[in-house]
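Here's the structure we're looking at; comments come further down.
Chain naming follows the written order as A, B, C and D, and within any one chain the residues start at number 1.
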Amino acid sequence: MKVGILGATGYTGQELIRLLRQHPDVELAYLGSSSVAGSDYETIYPHLYEQSTGTLIADTDLPDLDVLFCALPHGITAGRIREFLGVGAKVIDLGADFRLVSAEVYQQWYNLEHPEPDFIKEAVYGLPELYRKEIQGKSIVANPGCYPTATLLSLVPFLRKGMLRPDSIIIDAKSGVSGAGRGASMGTHYSEVNENIKAYGVAQHRHTPEIEQEISRAAGHPVVVNFTPHLIPMTRGILATIYAEVCDGVEEADLRTCWQDKYINEQFVHVLPKGIWPQTKFAYGSNQAFLQLTVDKRTGRAIMVAALDNLVKGASGQAIQNMNVLFNLPEGRGLMSTGIWP
Amino acid sequence: MKVGILGATGYTGQELIRLLRQHPDVELAYLGSSSVAGSDYETIYPHLYEQSTGTLIADTDLPDLDVLFCALPHGITAGRIREFLGVGAKVIDLGADFRLVSAEVYQQWYNLEHPEPDFIKEAVYGLPELYRKEIQGKSIVANPGCYPTATLLSLVPFLRKGMLRPDSIIIDAKSGVSGAGRGASMGTHYSEVNENIKAYGVAQHRHTPEIEQEISRAAGHPVVVNFTPHLIPMTRGILATIYAEVCDGVEEADLRTCWQDKYINEQFVHVLPKGIWPQTKFAYGSNQAFLQLTVDKRTGRAIMVAALDNLVKGASGQAIQNMNVLFNLPEGRGLMSTGIWP
Amino acid sequence: MKVGILGATGYTGQELIRLLRQHPDVELAYLGSSSVAGSDYETIYPHLYEQSTGTLIADTDLPDLDVLFCALPHGITAGRIREFLGVGAKVIDLGADFRLVSAEVYQQWYNLEHPEPDFIKEAVYGLPELYRKEIQGKSIVANPGCYPTATLLSLVPFLRKGMLRPDSIIIDAKSGVSGAGRGASMGTHYSEVNENIKAYGVAQHRHTPEIEQEISRAAGHPVVVNFTPHLIPMTRGILATIYAEVCDGVEEADLRTCWQDKYINEQFVHVLPKGIWPQTKFAYGSNQAFLQLTVDKRTGRAIMVAALDNLVKGASGQAIQNMNVLFNLPEGRGLMSTGIWP
Amino acid sequence: MKVGILGATGYTGQELIRLLRQHPDVELAYLGSSSVAGSDYETIYPHLYEQSTGTLIADTDLPDLDVLFCALPHGITAGRIREFLGVGAKVIDLGADFRLVSAEVYQQWYNLEHPEPDFIKEAVYGLPELYRKEIQGKSIVANPGCYPTATLLSLVPFLRKGMLRPDSIIIDAKSGVSGAGRGASMGTHYSEVNENIKAYGVAQHRHTPEIEQEISRAAGHPVVVNFTPHLIPMTRGILATIYAEVCDGVEEADLRTCWQDKYINEQFVHVLPKGIWPQTKFAYGSNQAFLQLTVDKRTGRAIMVAALDNLVKGASGQAIQNMNVLFNLPEGRGLMSTGIWP
């Protein structure tokens, strides 16, 4: 398969390259960059010195491709979607342009009129564990956000079965700094982030409508949630701690069984044994996700925790998983490494 | 004032010493240790070399004292409370023995029959911003836990005025590793904690009944809450993110005004300007606490965030603040340094 | 190949497992443990949940094996070497028992009489880039220490050619905490290590005689060096900064050419382009090593820097590389992943 | 004393403010900024909210002052030195403009013609432990760099007495990220610095001539050294590991005695007991410096280690110490807090 990457020098682009090197069916045919075209890739990332990654090419000179991964700022992929599909490629968009089915909601949260609303219906929300069948045959895959991946893997099975009260959902999430991308700013300055935690985007984060869309779909009616992300002094990893009231008669064991039934054949989602709580480092560098829950009988709430690597299952690894689904390859191909510990 | 410390070699004991050195009215008259009596203090903490901190003395040989700070494992302070009061000292207990007014609840959460239940009524819950007047004149001050301090500073003003629904409260808290104390274990091993987050004590943490006791008192009726602590890869700091439904008619501005009215004359509690969210590093090494909130109108919930240094306002600093209150000293004496940044 | 690991639950044992899973020719036939025999491996390392790693077996019950990796405290592998060779296995020792050719030097630095000095001559110092041919056909491979690997890759090519003055060598090395192993102690306590650096084992570290032995061999006469390790607040990685006077007439370009000639066909050792200095994170989780140097004409000294992952090229990855050499497999098999960035 | 700060919003400016607040003789009369004049200081540093720090004033509007601290990029302080002295102030320059006595050397290393070479002779190199008497009465104090402070405290006593061979000196130093200042760049991006070490400025760092100037002065003849700084994943702290050959007949005990004699009455420099090696965290947030050494008899070299906080003894704390010396105040005034541990 001839594979291309647009936005190849960002963190998710670079992580795609790391993972795709281990994929036996892939030829890295095109690394696109708008800013450093002409450079050898290893001049940008010296840890890849002598790894023959290739030369960065202007992002306007797309060759024919089987798959194009877009790791671009929002608005750009949608604006050029006709061009991208025109090279014969399936498009896997790591950005937000095709995640929201409503162009209106997109405009509201991203302050941008959707450039190509007619193409939204060509896209599928690419969370394979939830929409595997819908992904096959689509031309555009909207790769989910990192926070939504952790959240939806936890909640959707329960909401589909009506086991939790949708209007009671609170998601308190914690992310490493790499989620902010490679741009240097006070918000990513080591001395300002180290030995420090803060909440950010409180009640305003753009992953909120994405979570709500998918939760509403699972619940069968519109749902709003509270979602609060926090910046944590670590590079990789997302932990989502999720609270929701259980419906009458639902016990902890019922929830556990529901998860287990859902994920028993999934190679990337692990419902841990009771009492073992997920740690983000379990997933470091791997496409694994880990789940645990308890029900606090005193309050009637379930407490769910999901952990994954924001750059792998939360971005580039999941994108490759989607590629495997699209092309009927074994879903784990190229993705079977375990987390790096310690 | 002749001041003694029992458990002087733990992190909170050592932090008491750091802070008390800056207090002009204090003579460090007694440093008690059960394990390393006879050692010079700087052999335990070499960063205090040539600081003349003193020699550790057997924890059984208490001299006459004006104040005794107890930084001991739970059960011990209560078991020896008659002895401690017998040296003429006010006792400020950094442990949990006198925080809970119900010996039964104590037994339930700490798996220990309270050794001296009759003395509980001699104690006051030492959160000065909430119970300043009650503290004066008491012989035992139960210094609050780190998580409860952050939580109660946020919630109590609202609950006293009936502005939030008590049964909707969820506290998602994040702590640095120093909160686990100086003991070496897999849970404090650098390689296991670094680049990692986890929840722990989910639905079981011992600060839960302490939070509930004080919230119930403020609400005027029994309340249960969800409280989930997380371990974060940093040494110091607690951030509590708190969710609760606002009562009908309550707006964000009402909550902000309530906080501001409550804390306007407090030198250690700061309601930040709208839009500035607390960071734990704001308080690094200082007795300051920082608050912020918003109301998400879509869900009807208030989201409150409190940040402080778990070893200062969450432990030793607050203990000294309590000492100042007990002895009618200016409450900020010895505690006026600002956080270390960066 | 049937592969066994003794000391499977330590960090290097666990890292062997992570890497060997990616090796197509390996069957993990035996995971030995002295302390937790009978446990499923994933109960020790929950991040491997559902990865079918296997059950830990008493370290006395060795099956027939092709290779046995020993990740044991010093003294144990040597003491049992007859037994280990008796199961038909090539022994790759990640410990120190067979690194020193002199039993006397071993006793001096390890405070232990070597249990089986007659077997030392059966062993080879397993640094493939330096001793590839000597490794083939040996029954015992002494896998080098992490610090010596970084040091010797830098120095040996120059010393073999007489380009540096051997008596001027100073090695200032910096290591992540995982090098101290999985044991919990004050020296690995997060709160004591984070935001902190210290030198340790100054002029006394046990890797000193190992470095000196190999440097002496390269120089052709006995050499002593200064070697100072430091503990750095990170989990993985070793950086060695090495100083030595250049011999008369030797220029920076000569040294660079010497390294390049030596390593041009090596897939794991990379002489970076002039001006790009190694960072430990370049090698995170991979078997790569990175080198750079300059000559300060003002002082007449070369400054060399080597970076690698202490648990991979500095331990388990190199051990697998040695296995590949022993069995005439392509040397990079199972080891071709690049470092994880960021 | 009316005190002003130019460059008040950088890390060293902010650290001056933190420390000066604790100084009883100081009125913070002027906070100058070239970029954010007119802003309240706490809008830049929210952790100082409600601390009444003051308003930032254009850096051109200097009032009359007793002391002016200049925390400015090199070249600016020298260029405006007539103006600064004109407001009646003693100038304490935290930058490099007056550290080098040779305008030629300055030009060579800073690529800038010195703007006011005639004023260099009005300045003193402000390392109080070495030049206390020379500081008194001067109008300009050149506050030393962070690396030189750690290095010179270690070496100068020995060189003055001819105990070490000057031409054998190698300084391998490690610094936290705050030393790079508040500017956001790839070099300070959390994800690029965390879990990582690198050398930088190898054989080219601008602190080299400063170290050499002072070492030469102590040795009585021109000396060149190797100085290699490293960036460490922590915010604060400098550790210098220094190697030098001992002169004939000099024993470890002689060196120790020399240090002890020199520093016995110094309140900020501590020669630790034999076997206790300095850690940077010993000095966190304080003006303390810690020293230790050994002599490796096998190689004939002394290994010295110095640790301090780069922003305090390495910058702002030492600047205040210089102010105290200039104004005949007790030298420790405002600087007596101990390091924050853990």
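Here, a residue touches a chain if its C-beta (ideal position, glycine included) is under 8 Å from a C-beta of that chain, and two chains touch if they have at least 3 such contacts.
Not measured: the values here are computed from a predicted model.
**Q** Would you say A-C or A-D is joined by more C-beta pairs in contact?
**A** Here the pair linked by more C-beta pairs in contact is A-C.
**Q** If every chain is reduced to the average of its C-alpha atoms, which one ends up farthest from subunit A?
**A** D
**Q** Report the inter-chain centroid distance for subunit A and subunit C in whole angstrom, where each centroid is the mean of the CA atoms.
**A** So the centre of subunit A lies 36 Å away from the centre of subunit C.
**Q** I'd like to verify one number: the distance from the centre of subunit A to the centre of subunit D, where each centre is the average of its C-alpha atoms, in whole angstrom.
**A** So the centre of subunit A lies 46 Å away from the centre of subunit D.
**Q** Touching at least two other chains at once: which residues of subunit C meet that condition?
**A** Correct list: 11, 176, 178, 182, 191, 194-195, 233-236, 279, 281, 284, 342.
**Q** Taking chains as nodes and touches as edges, what kind of graph is this: line, ring, star, complete or other?
**A** Drawn as a graph, the chains make a fully connected set, so complete.
**Q** If you look only at subunit C, which of its residues touch subunit A in the complex?
**A** 11, 14, 18, 21-22, 45-51, 178, 182, 194-195, 235-236, 270, 272-273, 276, 279, 281-285, 288, 290, 336-342
**Q** Quick one: which bits of subunit B touch subunit C in the complex? Just the residue numbers, please.
**A** Interface residues on subunit B, with respect to subunit C: 11, 176-178, 182, 184-186, 188-191, 193-195, 233-235.
**Q** Using the touch rule from the top, collect the residues of subunit C that touch subunit D in their complex.
**A** That would be residues 167, 170, 172, 174, 176, 191-192, 194-200, 202-203, 224-226, 228, 230, 232-237, 239, 241, 243, 277-281, 284, 294, 296, 298-299, 301, 303, 305, 307, 342 of subunit C.
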